[in-house]
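Before anything else, here is the set of structures, which you'll find just below.
Each of the next two complexes has subunit A plus one other chain: subunit B in the first, subunit C in the second.
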Partner chain A sequence: MAETKSIIGTQNKKGQTYTDAWKLLNEAPRTPSFFTGSEVIKEAIRRASCDVMIAYPITPQSEAAALIGELFAEGYVGDYFRGESEFAVMSQCAGAAFGGARVFTTTAGPGTMRAMENFPMWAGSRLPIQMIVTCRGINSPLSIQPDTLEIAYLLNTGMLVWHAETAQDFFDWILKGYMVSEEPDVHLPLALCCDGFFVTHTKDVVNLTPADMCLPPYDPYRSPVPCMDMECPPVRMMRDPFVMKSNYISYATHASWQQEIWAAVERSRKHSIHWLNGLIDAENTDTDIMIVASGTAVSQGREAIRMLEDEGVRCGLVKVKTLRPWPEEEIREATKNAKHIFVPEFNVTGWLAKEIKATIPNHHRVHAGPHVCGGMTMPPEIIVNEIKTALGMKKSFVMAGRGS
Partner chain B sequence: MSDYRVLPGPEHFLPPAAASMGIRLPNPGEAHINGVIASEEKAYEEAARQFLMAKVPTIFPGPLVLWAWNEKAAKKATAVRHLFNTLKECAQAGQKPMLIPMPDYRPKYPKINPEVEINPNHPNLTIWHNKIDCCMFIGVHCHQANLSLKIIRGGTSCYTIAMCAQAGHEDAMLSFRDASVEKIMRLAETVKRLKGTVQLRSSTAKSGASN
Partner chain C sequence: MIKRRLNIRMSGLGGQGAVTAAHVLAMAANRDGKFSISNPFFGAEKRMAPAESYCRIGIERIYDRGELVFPDVIQVFHPQVITMGKSYTMPFYSGVKEGGVVIINSAQPLLSDEDVERLKDLNVAVFYIAGTELAIEVAGTELSTNMAMIGSVSGITKCVSMDALDGALQERFGKKFVASGGTASLDEAIKKKFAKKEMLLAKNLATVKAAYEIASEWADKNNVELRVGNPAVAA
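Moving on, here comes the complex of A and B:
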């Protein structure tokens, strides 16, 4: 059996030192670097002791996928290839993870949708694959622009779903994500989402850990399910019993299996809180007005709060970091004093507002908006106007177009 | 803390996963009893008491200790055998300790032989057939153990114990975590120490409505 502890302090073939993950992420020196989000993904994977990365081009994740190809060429990633489609990629990721590899992939928009059948399969098979989702429009007519609607489809797959606001989140959470999802009581795939282009193609200062330090390797022997081998091929567990047999026992087993997946999502709560320093970040929770958001809508909300403060209106902010596990108690506590809760979103349906409404008492307090989608930006002024309108105040800005 | 308690069933047509009812796993050095975090000391005593009270105390060893795939597994298997022998030595009149393996996880069709094995997809069949009223899982992969523990809680009145090598099991009525040879031996010692202090349970194992 691989003993992770014994590997700490030793070096991999690239001369990187396997470092205790907590020390790497919390105590190791950081170097400020000016990178795009895609470049940051590459830098995180350089330090992630990743065995396999499988790529397929789709905007806006293509650059990150290609950059990880460079890492493979340099010897930092064990294996790397391009699949035939997103569906193939996600199936190939499953094969690699079944075999005991630490697996990474990236996708976006229609690619996420095309591969969707695989995600509940990953979760049901307890495969701790990490998938970056650089969200973009999914519906016809074609749009490659930022839009977070695809996250709504991921919420009930049984995967962990986190929503990064910045490239710094991305760097830290890719590494932390493996630590959470590989815990034996969790052992689930992670969809680490961001708003495409806003995060992937924007340069930002990101504090990086030393490139000569890396995560300890994945230990598949801690898995809650057996690794695939010739004695234990997954098809015998996954095809034979439940589909082929129609009786009470089959149904009950499948039901118990599904419950176990969601129990594992619940168990990830403790580990996510530990690594992310809470499932949410909350500021000024004593105020009547709160903005609750995830992804880059948090940044826009933060700017709107600054603008409102200039006018003497005090407003609080909740940054939702994990969508699965859902921070139900945290959001309820952070919004308990609020009379108005605004949920700005980069999608047309307002899935985050719906989740919040289902979570808190007196959900009439939730104002589902402003919404933008299809690649529109969200000027903080429209958030300010939404809040002022709800409060019966005169709008500060005249905004043309949707969302005002 | 959750009001839910992980108790012997038959609980429900489809009992919930204890984790979804707010039951949390113990931290290193702790155990849980009925979903409430407890000291390991208390858990040894309670597990031993349950074994000594049961008419058919049973150990279900899984693949992780059934096969000598590493040195640690072989040593654990020896310790499990020692625990079983201890249960037999300490048995009162009317008690019938059993050791029934869970050799793999594939459903057994057309029919399992419940006298020789247990399977995670229909563990209730083995419990019902042998009238097992207390059992301990050891060496079973966590996913499969939780699957079994929920089904057992749903359809039987069997008291379940988990000696887990990882983080423990909320779906058992009592769970240790980070199982080691030392912990198995300590449980055997506790059984020996409490011998004669516990009365045999009067009622027999109940079946669920789905029997």
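Moving on, here comes the complex of A and C:
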């Protein structure tokens, strides 16, 4: 703690000033920039005082990974290399984090699936690694386009899971994510997800903090479990697996540690509320009709709400920012007046609708849809039509879109 | 027609610079103080495979993203988009809005009688420009075809200013740009066509301007008006 604080106001080797994170994110001047999401990831990492970034190419995160390589060449990242596969990358991330480094990586789609074994291991080992997931289709036949099915697989790993709507969210949340993840009472990995292409490859206005200010470095002594001494081999990567003892206490220890991981996810709630200004954003919660969504589906929902307003139909919106911790109370409160709750999603199974149904009373109010999948786009017109159909209104057969 | 938002769909083939064109156009609109976003859509990154990009320009914040299903303007960068169906929608003009514009890079007409009839029914104007020939003539390379396409959509819709386009081109090509391996090698290829970076920028801007003038003249002559603005104020 003391170490991190005393370093504030001093400069790193690139001449960036270590700045109090709250001041950096909430008080420092912002410059509007017109960037792709990938460029924005680079700009966030430039300011994140990262020790290690490990890369592996897979669309649509390759561009971001390559751009961080440029940052490493410029001297902004402690170490950077390409792993042999996603599985290797995530294992190497664990090694670096065990050794007390602030670690960053990016992945997508089938790569995320390939590396899956590591994620509960990260959480169980209390490693505050940050992983960007630029969602893409995971199932055969192959797709490189956005499809959020992989998020469903991450929900029960013990990682924090956040779903960004825009590149602006990405910029802020990458920096804020470390602040939440590295709290001693949390100390868990974060999967910061977005819909690939819609965020990574889209040029949009993003307000950036000054490039000469950066986060304070990670202080490994704030870890609730001892960090490994990487310079005194043999390094023991794990404590003795409890199961090897094969007695009652070993199982009880394992069970209680799992409970502790999920308690840590719960304890991240107050920090996430503090940094993200709430786990959800809610607008017009007095209306009968609500759209509840995460990621790009929120953006498409915003357009649908504008189109409905043009026709005199009021519709509210809940943007779910954190999926883990799950904003149960917040969603229940925001939807208490709604008679119809629509959950547009970019995946075939509708995992978000299922989570919401399990959360709110009278869940027959939830309309799980519209859904698109396999990388298809979701024109706001189909959300409008889904709502109109449910309300018994006449559908628009000529889908004219915005701007007539 | 004056619209709060102009949706532009660019259908091209891999290597033609359709993705770059949408980005440059959106960057220019942003410089002009308008709201804009651009994004690409493609499968495997390879030459001559279908590649699309989208540019949305408006007078209010734009949330909509992804593939543009209902465009006001469709730009066809290569005849094969039409003749060989190298398009993400069939027909290539699927979803086009009434009163829209189709801009085709071809010296010869490519549409069937049926296509002509359907577009006429939708009051969609069709503009042919020999963009690749223009690029070869003005810039000395077919790699500047995308510049002719930027010029033609700007000439018809006046959605961006020439100053802003100049600035956007300098921003895109004036410094090192890291994207995919494919984009990097194309950037290298076009840089080799010109002795100096200033020459690359000047010739590309000249191509934009030449196409702008041809398209602008066509729009005036045929009374095609499609602008971004506030319809309430305009009325």
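Some observations on this one:
Here, the second predicted complex is superposed on the first by the 383 of 404 C-alpha atoms of A that agree within 3 Å, B and C clash if a C-alpha of one lies under 4 Å from a C-alpha of the other, contacts with A are read in each partner's own complex, and residues count from 1 in each chain.
In the analysis below, a residue touches a chain if its C-beta (ideal position, glycine included) is under 8 Å from a C-beta of that chain, and two chains touch if they have at least 3 such contacts.
This is a predicted model, so every value here is computed, not measured.
The superposition on subunit A brings subunit B alongside subunit C with room for both. Of the two partner chains placed around the shared chain by superposition, neither subunit B nor subunit C is touched by A:A73. When both complexes are overlaid on chain A, the residue A:P380 reaches subunit C alone and has no touch with subunit B. Once the two complexes are laid over each other on the shared chain, residue contacts for A:R302 go to subunit C alone; subunit B is not touched. By the touch criterion defined above, A:A358 reaches neither subunit B nor subunit C. Using the contact criterion defined above for the overlaid structures, shared-chain residue A:Q259 touches subunit B, although it does not reach subunit C.
Draw one line from the C-alpha centre of subunit A to that of subunit B and another to that of subunit C; the angle between them is 170°, to the nearest 10.
After the two structures are overlaid on chain A, the closest C-alpha atoms of subunit B and subunit C sit 37 Å apart. On subunit A, the positions that touch subunit C within their shared complex are 34, 36, 38, 62-63, 66-67, 70, 144-146, 197-198, 201-205, 296, 299-300, 302-303, 376-381, 399-404.
Residues of subunit A that touch subunit B in their complex: 1, 126, 183-185, 187, 222-226, 232, 236-237, 240-241, 245, 248-250, 252-253, 255-257, 259-260, 262-264, 266-267, 270. Subunit B contributes residues 14, 16-20, 24-25, 63, 70, 72, 104-107, 109, 120-122, 141-144, 146-147, 150-151, 154, 166-168, 170-171, 210 to its touches with subunit A in the complex. The residues of subunit C lying in touch with subunit A in their complex are 3-7, 23, 26-27, 30, 35-41, 43-44, 58, 63-70, 72, 95, 97-98, 178-180, 231.
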